[in-house]
Amino acid sequence: MSSYDGKKLGRLHRHLHSHLPSDPELRVKALESLAVEKGLVAQETIDTWIEMYSEKVGPMRGAQVVARSWTDPAFRERLLADAGQAIKEFGYEGHATEHLKAVENTSDTHNLVTCTLCSCYPFALLGMSPLWYRSQAYRARAVREPREVLKEFGVTLPATAQIRVWDSTAELRYLVVPQRPAGTEGWDEDALARLVTRNSMIGTDRDLRVT
Amino acid sequence: MSSYDGKKLGRLHRHLHSHLPSDPELRVKALESLAVEKGLVAQETIDTWIEMYSEKVGPMRGAQVVARSWTDPAFRERLLADAGQAIKEFGYEGHATEHLKAVENTSDTHNLVTCTLCSCYPFALLGMSPLWYRSQAYRARAVREPREVLKEFGVTLPATAQIRVWDSTAELRYLVVPQRPAGTEGWDEDALARLVTRNSMIGTDRDLRVT
Amino acid sequence: MDGPHDLGGKDGFGAIDIDAPPFREDWERRQWALSKNVPSGPNTIDFWRHGIENMDHAAYLTQPYFIKWCLNEIAHRIDQGMFTMDEILTGIPESRTDPPASPLDMEGTLARLRANNVDFRTQMATPPAFSPGDRVRTLNTPVSGHTRLPSYARGHEGTVIAHHGGHLYADAGAQGEHRGEHLYTVEFTAAELWGSDDPDSNCLDLWEPYLVRA
Amino acid sequence: MDGPHDLGGKDGFGAIDIDAPPFREDWERRQWALSKNVPSGPNTIDFWRHGIENMDHAAYLTQPYFIKWCLNEIAHRIDQGMFTMDEILTGIPESRTDPPASPLDMEGTLARLRANNVDFRTQMATPPAFSPGDRVRTLNTPVSGHTRLPSYARGHEGTVIAHHGGHLYADAGAQGEHRGEHLYTVEFTAAELWGSDDPDSNCLDLWEPYLVRA
């Protein structure tokens, strides 16, 4: 049974931090070895999971969803109404996507996603989060000075455009739907998906380049 | 001229922190050597200052002031009206005492002093501050859970007594005047002063022991 | 809690390293996979978060991201009685009640990933106190336990822009209590939160107990 | 600023080491003496404080107290042009315009100590906005520069218990501007700040620009 005692966990953290070897690799190895020895997980499962996250799960999933919303008006409506449900059409559901919300950029508005209290992210849809998303600097600054943050990512917004910064404080997760770039009329979903960058779906990229 | 640019100072801090030797003794030596070489201070002055703070300036100053307030009602009035002025009668003025306030404990009230934003303290009157006063734990906790903090110092207050926690946010400094212990009738100022602990003048001690 | 994790709006953090990849080291990948594949026991996601929040401030700010996860995974297993402290420090299991776990193939891991999709909605017996368009004010009292109202949004007025029905309440969940509260998205102007002149806003998902009518 | 120094009321700090002496090491004594004996140049005490507030959060939490002072003293000297970065890193002065300083004897240091007694009062042209007994509310907007309204006391109602006349205003002083504002002591109940049931209170010394009438 769990103690549900945060201070006790804090003491365990301190004890582990001072008694485990300081090399991060050895720390993870200690956990993995014991979990395998105890029959909680098979080492091969860890390897397969890593392969899955490197080959099957990543920003290309979100890009596909965005591209379909550009080409299929009915899907776009379903996505905006309940994104968590809509991505199940692709089989892209998984951890942290059941309560997904899609927020669309327009010429006057821009959306930026963060999680100031930890680092919530729609993993099953976008893959592992970029390190900057989990950084203390991004978490501290995105909510307070989003325009400065966007400048560091090379994005400059008109002064009159509104930025909405979404802080993922509950179990809702956010997918930014960037604007479809001009000059892509008639492109198919796969071609469009290749234009959608990971950062554009978090909000630290805006004008997609037609390549 | 000073830049008055906090971010520039932050950059200087980072640069110094990563380029100076990490041994604290060598860091201080680097500052001292250059200050002496540049004619800003004589090494002997540093030595004398240390001797002064170890022999002439310390909690015994505050204790003398407290003892006089117990024995001399007119002085007590002057102390409560303007403690910064009153301690000049002893020649105890110095850094961080011009705007001193004396706050008296009673049977129903207790005073506790802290500085949450840095570690302001009436140095010239009480000597160097104890390490716990400057600790992050004390600064974080004293304002929020003063009763828990007092317990750690061995002080338990009746539930009905009021604690006033003084956070030294401006240039006012606070001297807690503890209650005169019973059984000291007729004692002279010097004998009384020996009963006054440093912690009782900060508020982490309360009932003085008659020894 | 007003712990080291409550970073929103804090000053003194410098440039963002925008080029770092999601994983830099193999052990980071392994920790990520471990966290998602080892049975988590009875804990709630919010008690898991609360474990990290209770790290020492300096350790929180200096330890690598996945090491915080690693220490937290271990701390939770010990707290639940799945591991002992001795076992993790020596690497030698004192007891082994279960047979080795069967490996999952790619289809198996993909299926587990999809199964990780957890629904946090709850049925509510009481009607919501607020509706979209309502002006609300957040509470301005610190909470020592786990809570999801960041300090930067305390004591501020905003507008409800969405009601999501009942969702498992994080503050209760971190104490092992599975109950829902009405969840809303509340939008605050940058002027209100930061004194900013920009036309921007901050949107937060907040449970009803955090809010009063403005 | 919402920097690492704003510790009041934060959770996650453990037991207080009540037995540690004021100084543990000789270099601590030397740094203390240096800070008080090397001419501080044109800086204000508040710009000095602001230097430490601008340290990295992790460094602020992990560096020894007097090392923060040491780094800050050096940073200020460099900022003022008294030292160059090269001089402090090499230990070799590039220029030496002044003769060696004359040593002070005990009487001299005692006199200097007394002379360190600085009066922060200013004459005010405007009458105070508040009087003892008035109910006031603190602002709830973060300030990026130096300020002396701690985050735990923002957006809260209290009672003015004293008016101290004009005092040099810390927020302006940290920008090199020497002007006064009316200074008050404001008492907040523990119930108001912390939701506590205890009959306790917190008293803070706050300048008029931090306050509005409640």
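Every chain is named by a letter (A, B, C and D) in the order it is written, and numbering of its residues begins at 1.
Keep in mind that, in the parts below, contacts are C-beta pairs under 8 Å (C-beta built on N, C-alpha and C of every residue); 3 or more make two chains touch, one makes a residue touch a chain.
Because the structure is predicted, anything quoted here is derived from the model rather than measured.
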Next item on the list: Tell me which chains count as touching both subunit B and subunit C.
Entry: D
Checklist line | Taking each chain's C-alpha mean as its centre, the one farthest from subunit B | finding: A
Item checked: Rounded Å distance between subunit A and subunit C, as computed from the means of their C-alpha atoms -> 14
Item checked: Mean-CA-position distance for subunit D and subunit C (Å) -> 35
Notebook entry, point to check: Using the average of all C-alpha atoms in each chain as its centre, how far is it in Å between subunit A and subunit D?
Noted result: 41
Checklist line | Residues of subunit A whose C-beta touches two or more other chains | finding: 10, 136, 144
Note to self: By the touch rule stated above, which residues of subunit D touch at least two different other chains?
What the structure shows: 1, 9-13, 53-57, 61, 142, 152, 193-194
Next item on the list: Mind listing the subunit A positions that touch subunit C in their complex?
Entry: 1-10, 12-17, 19-20, 24-25, 27-46, 48-54, 56-57, 91, 93-95, 97-99, 114, 116-119, 124, 127-132, 134-141, 143-144, 146-147, 149, 152-153, 159-172, 204
Notebook entry, point to check: Tell me, which parts of subunit D touch subunit C in their complex?
Noted result: 1-4, 9-13, 53-58, 61-62, 140-142, 144, 151-152, 154-156, 193-195
Checklist line | Partner subunit A, residues of subunit C touching it in the complex | finding: 1, 5-18, 20-27, 29-34, 36-39, 41-43, 45, 47, 49-56, 59, 61, 63-67, 70-76, 78-83, 85, 87-89, 91, 93, 96-106, 108-110, 113-114, 116-121, 145-146, 148-150, 152-153, 164, 167-168, 170, 174-176, 183, 185, 187, 193-194, 198-207
